[in-house]
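The following pair of complexes shares a single chain, chain A, combined with chain B in the former and chain C in the latter.
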Partner chain A sequence: MNPRALAVWSVAGITIALASANPVYRIIVLLCALNVLVALRRPDVSLRGLTIALTVAALIATVITMLASHTGDHALLVLPAGLPVIGGRVTIEAALFGLSSGLGIAAAVLAAAPLSLVLMPNSLVDALPTALARTGAAIGTALNLIPGIARSAAEIRDAQRMRGWRPRRVREWPDLAVPVVLTALESSITLAEAMEARGYGSGARTHYRDALWHPTDVVVCLVAAAAAVTFVALRFSGVIGDWYPFPDVSVPPINIAGVACCLALAVPALVWRR
Partner chain B sequence: MGHDQHVIRHLIRITLALPLLAAGLGAASATTGAGPAAPLCAHAALSQRVGLVVEHGDGQVTRRCVGFDTPSATALVVLQASELEVGISSYGGGLGAAVCQIDHEPATYPPGCFTSSGSYWVLFVSRGGGPWLDSDLGASSITLAGGDDLGFRYDSQTGADPPPPSPAGTCPAVAPPSRTAAPSPAAPSASRATSSSTPAKGTGGTVESPPATPASGVLGVVPPSATPAAIGALTRAGAQPGIDGGLLLAAVGAGALIGLLGARSLRRRRE
Partner chain C sequence: MTGPVAASLARFTYRYPAGRMDALDIAELEVRDGLTLITGSSGSGKSSLLRVFNGLVPHFHGGTIGGSATVFGHDVITTPTRVLATEVGFVFQDPELQSVYPTVERDVAFGLENLGLQPAAMPQRVGEALERTGIAHLRGRAVATLSGGERQRLALAGVLAMRPRVLVLDEPLSQLDEAGARAVVAILGVLARAGTAVVVAEHRLEQLALLDARTLSMDGGRVVAPDIRRVPRVAAVTPQSTGACMPASPVAWQLTGVTAGPGRSPVLENVCLEGRAGEVVALVGPNGGGKTTLLRTIAGLLAPLAGDVHRAPGRVAFLPQNPMALLHRATVAAEVAWTVRGDAATGEAETLIAELGLAHLATRDPRDLSTGERQRAAIAAVLAGRPHIALLDEPTRGMDEAARESLSRAVHRMRAAGCSLVIATHDKNLANALADRTIAVGGGGARELIPVAVA
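What follows is the complex of A and B.
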């Protein structure tokens, strides 16, 4: 698969997921993205962490909306009015709207996830335009440091505990934070020296091999772009609208062309093979 | 292997059940626009009257004469007593209630009531037959007395806010007009069609009002100048009879994607 074709697909998926607040379109985009991830992810990649993170994010969005929005006809319970922000009616409509927002977040993140879970980091950097190659390499490298920092934090915490460190107050956390920051800085400097030793910044980035465009890549690219453009056009022309469950829950309006645009995002899962 | 076959059977059942469920939902949603007519009401003893003029986005004007038996009432009470469908939210900060929806316009609205660029209900008040003045307060913070008029106009957020048509004649000064059948809050298009074609007759029944609200209700309905096209345009999107093709395609597509997902997951697990 061509990384640029996958990038176009991701942008199309994010666009469709966020263009309308209709949960039906978001569910279909989410399912398409899940299919692409399951079919094409790298063998060493697990989806468990991502799934848990998205579930938690969706639940947080739902709970916050339920507590902060008091609109809707059907109250589940009434919190005391004296409670700031959350005081008032907690409604079924607000819960559904929060769930719809959570679905939007999950669909958009899953649409972007193949860029990191399907492609190798070097393929992604290679796919960037020449003008963005150095910036992309720097950002990619910085992102790759995050797992290292997490591992380092776990190791330092274990070491501190073995020395009898038992944090009870916030002001005791610097005992952990300071070594983690210093270790991260040291790792960054080492990495920068390694990159410089390999010629980073001395000239244009070279490629071991060029990414070729196969017919299936062209199909994915064209279908995804057409789906996104059509969906946005339908959205701006008013054919596809938002969905709000207020004041009373209603079935989301569904446009058959909009559904077709969303389903078109499943093409990579059908034509690409890992 | 036995466990896998069990999972596959479940996935196949889900895949088959989803389109059927969606088809059922589509059929059900087609009938949700219908509902029982609201009971009629009588408010012969109400002494104070306020004219209510509601101008919709399509230019259609609905007029109601609302009566109550206390010296004053809030604009929100008058609006809710008019038997028009109303959706409200709170401005917060003591401004009072924001009117988000009247007579099912707009069909839905976000939790904050207002969209970033869409239209909204502008509130006007006319005191004792004076000119329309737009209000800086929410509907629950405006007090109206007999002889005042309350106006709403569905207007865009950009440009000037022209007032609704004159309230003259909405509430005759001498005696309330003959009462007409109260429209059903559940069927806005039906309510307008009824009010424009049903001859005047006696009313009776109850009006849903907030707690501690004085007795109030509709004393008269001025027939709106509705056209069949305008009424049709206000019908809910989900109220067409039959099964929604989009919903069916969405359900079949979602079912297929779930089935594909399950099959791929099983294949991965076996590998």
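What follows is the complex of A and C.
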């Protein structure tokens, strides 16, 4: 799969997810993105952490909107007015709008997630234009340092424990944090030295493998771009209505063309194989 | 050595930015094609000299420089490292910190991309380098999954792909098992015979000494007369079954039917071993064979997947492979004192510092020391406080002969005091000199080796 085609698909997914607050479209985008991730993720990738993080983020968005917005006709409960920000009516409308916001965040993040969970970290960096190639290589290298720093932190924690380090108070955490930071800095400097010694910065860089465009990549690119453009056009021409539950909650309007645009985002899972 | 001059230094001096004295002071030095070995004690200036050949000294590190240095006609002082990289390949001491990309094939190509080689020409260069270093079968592997030896060969492949005329290696064998070291030495021999100028700084000379090489010895930043020492003979060992034990002293640690490994993947299966007070056990075996897993299991840092681990009560000292995991205090003395904080054994800490030859470095920042000096500082930091079990993972990494002798003295003293020591090492001489028992770890198990006298 071509990284640029996947990037186009991600941008299309994010655009559709954020172009309308209608939860129906957002749910479809979310499911399509999840399908792509499940079908195409790298073998070493687990979706558990992402799923938990997104669920928590969506719930937080829902709760914040529910507590901070006091608009709506149907009150679930009333918090004491003396409470700053959250004091007042907690309404069903605010809860549903918060849920829709949470869905929007989750759908947008899931649409972007394949860029890091499907592609190798350096693939997208390699796909950057020539003018950004050196910056891209530096970013890719920095990303590559992260797992090493995590391993180093675990090693340092173990070594300090064996020397009797038992963190009971906050002031004892520097005994772990300081060597982790120092080691990370030293690793970065050593890596920079190694990169320099291998000619980094000596001139215009080339790429080991320029990503080729296969017919399936073109299909994904065109379908995703067409879906996003069509959805935005329909949305701003009024054909696809937005959804706003205030002051009284209503059933989200559904447009067949809008649903089709969202469903088109499932195309990578249909044409690409890992 | 009559080939063309690859590199030459004349009246060359160099001082690091915060240095109080010259790190290098070289009257005259010429490097020609073929193999050049650089020996010398830790901190003698070997790594600094190597970095002159590709301009990392002074361009990357800064500092004050004097005299002249040229590499194939390039003035090192005025030519940036990235330009010298077309002529000089450099393999650093720690292969784990040299990988730029997450996969083997891609990482080897990094230098070629920097040189602006056309993509169509790269696969052949990458393939050749992987073949020469014997890791063609790892082409698609993730770098993170490679053993230390494989990573060292990957670092070498990344440099060879650039086809340098000078190849510089800083202690390339320090982390390799015997087979890995043999493979790397064979590659260096082939390159040297083919006309590449190969410059190697190394403490492990047993195998390199077999090659036709010019040897330079360094001391205090100066090149002194060639001084290669005769390599001591290594006693042969033959495998026997496990179970031998010393009945006199109490058991300090015991593994019963232990299966262990990182995550849920067993590296060792059904291992039964024990160590006694006042005993030194050496763990030997190939990279990735499970020595570190075994040490971590004994230490209690890794819970066994099956079986039981027993440790007698008392402090357990553990030296990880990377000494930087330990060193974070402002001075060596403070680092050692931190281990014995709240303990009355501070006198013993001073003894250890002196015993390991660190007295003159006690007020220095551990991170400013050479690799071998850092290693000794880390050993002093973990052995302080009279541990009853001491587990050392590759303690002689980067150490010169004098430092190894000081380590031997410390180990003997601790053994006499009743400490049970377990040392994982590739250093056969160290294992033979210190160990009461030698355990071969690999192939999922551990078995005891019985020494056989050499005629």
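Note that in this section the second predicted complex is superposed on the first by the 228 of 274 C-alpha atoms of A that agree within 3 Å, B and C clash if a C-alpha of one lies under 4 Å from a C-alpha of the other, contacts with A are read in each partner's own complex, and residues count from 1 in each chain.
What we mean here is this: a residue touches a chain if its C-beta (ideal position, glycine included) is under 8 Å from a C-beta of that chain, and two chains touch if they have at least 3 such contacts.
The structure displayed is predicted, hence computed values, not measured ones.
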For this session: Determine, under the contact definition given at the top, whether A:L222 touches first (chain B), second (chain C), both, or neither.
Result: neither
Exercise. Who does A:A269 touch here: chain B (first), chain C (second), both, or neither?
Worked result: first
For this session: With the two complexes superposed on chain A, say which partner A:I60 touches: chain B (first), chain C (second), both, or neither.
Result: neither
Exercise. Touching A:V178, do we find chain B (first), chain C (second), both, or neither?
Worked result: second
For this session: May I ask you to decide whether A:A81 touches chain B, chain C, both, or neither, giving the answer as first, second, both or neither?
Result: neither
For this session: Check the residue A:P147 against both partner chains and state whether it touches chain B (first), chain C (second), both, or neither.
Result: second
Exercise. Among the partners chain B and chain C, which is in contact with a greater number of residues of chain A?
Worked result: C
For this session: Kindly classify A:S250 by the partners it touches after superposition: chain B alone (first), chain C alone (second), both, or neither?
Result: first
Exercise. After lining up the shared chain so the two structures overlap, which partner does A:R209 touch, if you call chain B first and chain C second: first, second, both or neither?
Worked result: second
For this session: Please identify the positions on chain A that touch both chain B and chain C, taking each partner from its own complex.
Result: none
For this session: Flag every residue of chain C that touches chain A in the complex, lowest number first.
Result: 54, 56, 59-60, 80-83, 85-86, 88-90, 92, 94, 96-103, 105-106, 109-119, 122-123, 126, 142, 144, 158-159, 162, 296, 299, 301, 315-318, 320, 322, 324-328, 338-339, 341, 367, 381-382
Problem set entry | Residues on chain B engaged by chain A in the complex (per definition of touch) | 25, 29, 32, 87-90, 100-101, 107-113, 236-238, 244-247, 249-250, 253-254, 257-258, 260-261, 264-265, 268
Seminar exercise, completed: Contacts from chain A onto chain C in the complex sit at residues 44, 120-122, 137, 140-141, 144, 147-148, 152, 155-156, 158-164, 175, 178-179, 182-183, 186-187, 190-210
Problem set entry | Complex interface listing, chain A residues touching chain B | 24, 27-28, 31-32, 34-35, 38-39, 65, 68-71, 94, 97, 242-247, 250-251, 253-256, 258-260, 262-263, 266, 269
